[in-house]
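Paired with chain B in one complex and with chain C in the other, chain A is shared by the two complexes that follow.
And now, the complex of A and B:
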């Protein structure tokens, strides 16, 4: 696991309407303004469609710098900040990250910035336009956590689990209710590989949307998780949803010591297990497939190889890529926060563009490694009528492993 | 400089409502921060008086028709209009000196036609050259615009400043690679200008060559909405070779030798002077470290077919070595050339007088010079910047000099000589801003003293440059003609007013 420590202590001080922007924050905003190469702008999938630079990392930082100079009001920034997908492309592309980040400790942290500004805005009594759908989602999530028990593990009906949690599957609300195929497939593949595992049944609210409005509540859930992992003897946590994985890699280490715990993304874990056991998939699955990198893996944590490597192990399967550099591939449009719920139309158009790029490769299947990407592409495909089916990498792998799995997963919620 | 008062119309709620009716609510931006971020470009900015050049409203047109509507409205009400492209310019062409309407053209980024058989492409001027080349790459074609702002500039801005490109020695610069363009005049009239009167003909003897009139206009005459661009076959080979020299004289003569040797494939040649090499050594992350005995570096690049580039490279090696140049190897060449678009941004390259890292923004003062003027200008530029560094400790830093060959389709002739200056922009106040302008003006005057030009690349409409450019460099009657043209085409002076000293066109 690679920890990306980009914690900036001065983010702890709230930005408010009544106080001057703290000097360190001004410097932070200036560093992006002063770059002026604006690589962050043209790499942004949202800007690609709206062409409004107020919606980019350059725009966000310049707005704050302007406010610090008395040009603009803090509370008026919030609408423009809502256009951030929280995908991390701008952070990675920013020369401050790629050239100065290590040396000067000045990586650009746009995702953290957007969440902080939103959080401070709410704490300062502000409202967020069109937030109702996000609030409903969070409330549903909280209700799910409160219910716990059967609901959390209903996806696992019929799956054989170990009596201990030394190796534990981490399945969040979204995956346990709307992406149930992922843990079911993972569990069956792991079973086939002879891995003993349990299911972590108290995952708390992990949504980045909550981190965006109430980091204290989010941290309470996170703290409970960390305590539970310790108490339950979890040594290896296998994470199904890359959005959670990015949080474990980027956020948890800022607040909690997790030295005794190994957090692994599910495809990484399966790949290393197969390699360790010398297992190769025996069944050929002939086909040329597009593959879509989840932004949480290829941009936010920069660990994105295992899904491709798993597909490469499948006899007869071939990935056709849209471009040579993995990091710059386009977002699915869902984003890593509330974006899809706030900007349904642009989200759809981003997804449409990505799916069309896959169709242009002459394939009929786009492999994914994220339940949110799959959910988004499923909707986009239906709405746009594009002839490309989103399929999770684990489904392909399961077929290649000769696993006959249930195509219809239990529906929950 | 003459100051003229104009009775401009205000951007009222009614004007905003009309703009929204024309473009849709989402394409008319009125929030202060949305306008404020369109106040500046890539050059050091007067942050201490930010609001003075913040536009009253920003509009995002999506088509030529949208631009026609905006300009008609602005012209009727005498509202200043400033076109804005990528905001990557270094001459403040897109800085709205009289506020008014900022026309951000980035939504006009369509590719209308790729005409492979006639080697041209028709695009909207909100398109970025990198994005265009991503589309052209599978066709084996390129649009050879290779600038520092490759990833963020757009064609409209490139035309507006008459852009220069790193590989222009092989392919030509923007005035050469734009075949024709669609311009919307202040009264809403739409015209096409090119070599003659048609869209895809490069060279014509019909009438005046109006393309050149509307090239590097800096938004003072029109808004360019579409352009037909030249396509080239993607080069089979790109070679970049870096050579170390012990002294200025050898590096300077080697540059002359390589650029006058008559290579058809040479795309650029340049010198990094000793202060530039010192500056690059600060960049612990990005630049391939150079051995301490390297004082000057010459670069030669060749683009084209393998059968022509390979023998040219061999000959180039002989030329460089004959002047004492030491080849720095492929890693240096490939690494530095590959990072040519992003290596100089980092604000922590600034140094205080005691050598500590400090936040500074980067600016380069570009001038055009012929070969024999280069040694004197190099010394003069360093002397000017050094003096201001002493007078204002911690405000300015000398980041060295680049010299590039800068002629279309050949190596010899003019050169771009630029001195890069680190500026403590966050600390600007009235006094230090004035000092900055005086420094720029001294550099511009030094160029004109040698019968060279204030700018070859960025444009000369920035405060400090415009006065020298218009009243000295163009004082041979050219500025008088510019004023007459400006007043004829833009009688209400709504197009980017305040630039190029063109307010003087309206003095009776």
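And now, the complex of A and C:
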């Protein structure tokens, strides 16, 4: 996948209580306010439950317009901006993007807008309600930085890695501490395919939550990564977490030249390696599975094929598919930022609705390609008691490749 | 209309100077433009599958670019 550059320069100018909102920003707000289609409402997984228009792309832009006209106060409106999952669905369905964005070279960028408004508000001395849990999460990750080399390779005990980093696995703190099955499964599959790889050991804090409070700090970690990739001779970076992948594809090119580095999502990399080597999984895994598209792949990067293709290669496995465009209205409820930590109850209900939709397809397993989705669905399943088990696509693939793996799911095989 | 558009890489794009009067273009590379087109096609594909039996095209002489 090539890097996708979409950047509005006027977002760099901070919003403050004292200064007027820049004219270009006001025009931006009008572009969405003037729309009466409101497709952004009905595609939004949050609006689906809260039914509050202030939580939609239309609402965010209208709030900015209200502040610019002196009929609104960001101090009182900022709470609405916390209800964004940062999934990108509204951007895709906005006619400004989908029906004219490529022609006019101007699209709706709600995720960037929401992050900008939050961090400008914080920089201006404001607070975001219930932010303490997000701060703790970020502080925990900041604390990991000192010992990051050991932490991000701990999952790899007993796995053979190459001495060089020409092909490097990128494992962030979340995946290294809470989603270890993903890199472990990926490493074993790659080992079986005969791929030489190393592990990149200094990811720094990659959490997209940081972009909602301090993009300069996020950029420092990103700049260190870019410098390290060059110094270590990384040619291909295989990314385990789609949240990181979306950041590499859509955020890094805003600030850094990335021409010498190929960033590939893990399922894309495994699929192309299997195709190149003519490998097909030999072991049949009988079953009918739902598949949940992660927002980061399906909406932000708009690339949803490789997990489906991998499952299609497994003998006996069948996806009862809901096509990607129809999944834009779905989210696991975690969101691509601080949402789950800010709105635990609505997050749970969004996840419950998604699992219920999978159960309605008559399956007992929902395949995922994101450790955050797996984490969220595991919690939701336990809480709601729904009979649908979340399983990572790589777990199914590993089983079909004959890899010995203690499965977390009793429903496969 | 014809003099105010560009044909670039087989796609139609507005002449950037036409945008300056109203609202500025953003920084956007080809991959981003392709993402928008891909998403539009995904949406239209879903839409057609659910609500249409046939996709109608306008007469060729009205939409094909002039040489």
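Just so we're on the same page, the second predicted complex is superposed on the first by the 397 of 413 C-alpha atoms of A that agree within 3 Å, B and C clash if a C-alpha of one lies under 4 Å from a C-alpha of the other, contacts with A are read in each partner's own complex, and residues count from 1 in each chain.
Convention: a contact is a pair of C-beta atoms (placed from the backbone, for glycine too) under 8 Å apart; a residue touches a chain by one contact, two chains touch by 3 or more.
Remember, it's a predicted structure, so these values are computed and weren't measured experimentally.
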In the superposed arrangement, does A:72 touch chain B (first), chain C (second), both or neither?
first
A:309 contacts which: chain B (first), chain C (second), both, neither?
neither
Is it chain B or chain C that touches the larger share of residues in chain A?
B
Once chain A of both complexes is superposed, is A:59 in touch with chain B (first), chain C (second), both, or neither?
first
Check whether A:107 is in contact with chain B, with chain C, with both or with neither, and answer first, second, both or neither.
second
Between chain B (first) and chain C (second), which, if any, makes contact with A:301: first, second, both or neither?
second
Is A:99 in contact with chain B, with chain C, with both, or with neither (first, second, both, neither)?
both
Applying the touch criterion given at the start, work out whether A:24 contacts chain B, chain C, both or neither, answering first, second, both or neither.
second
Name the contact category of A:8: first (chain B only), second (chain C only), both, or neither.
second
After superposition on chain A, the chain A residues reached by both chain B and chain C are 27, 31, 98-99, 102-104, 106
Over in the complex, which chain A residues touch chain B? Could you list them?
26-27, 30-31, 34-39, 41-42, 50-54, 58-59, 62-63, 65-67, 69-73, 76-77, 79-80, 95-96, 98-100, 102-104, 106
Please name which positions on chain A make contact with chain C in the complex.
1-9, 24, 27-28, 31, 92-93, 97-99, 101-107, 109, 253, 301-302, 323-326
Mind listing the chain B positions that touch chain A in their complex?
26, 29, 31-34, 36-37, 41-42, 47-48, 50-51, 54, 60, 86-88, 104, 106-107, 109, 126, 128, 130-131, 149, 151-152, 283-286, 341-343, 345-348, 357, 359, 361, 425-426
For the complex, which residues does chain C have touching chain A?
11-14, 16, 19, 22-33, 35-40, 42-43, 45-46, 49
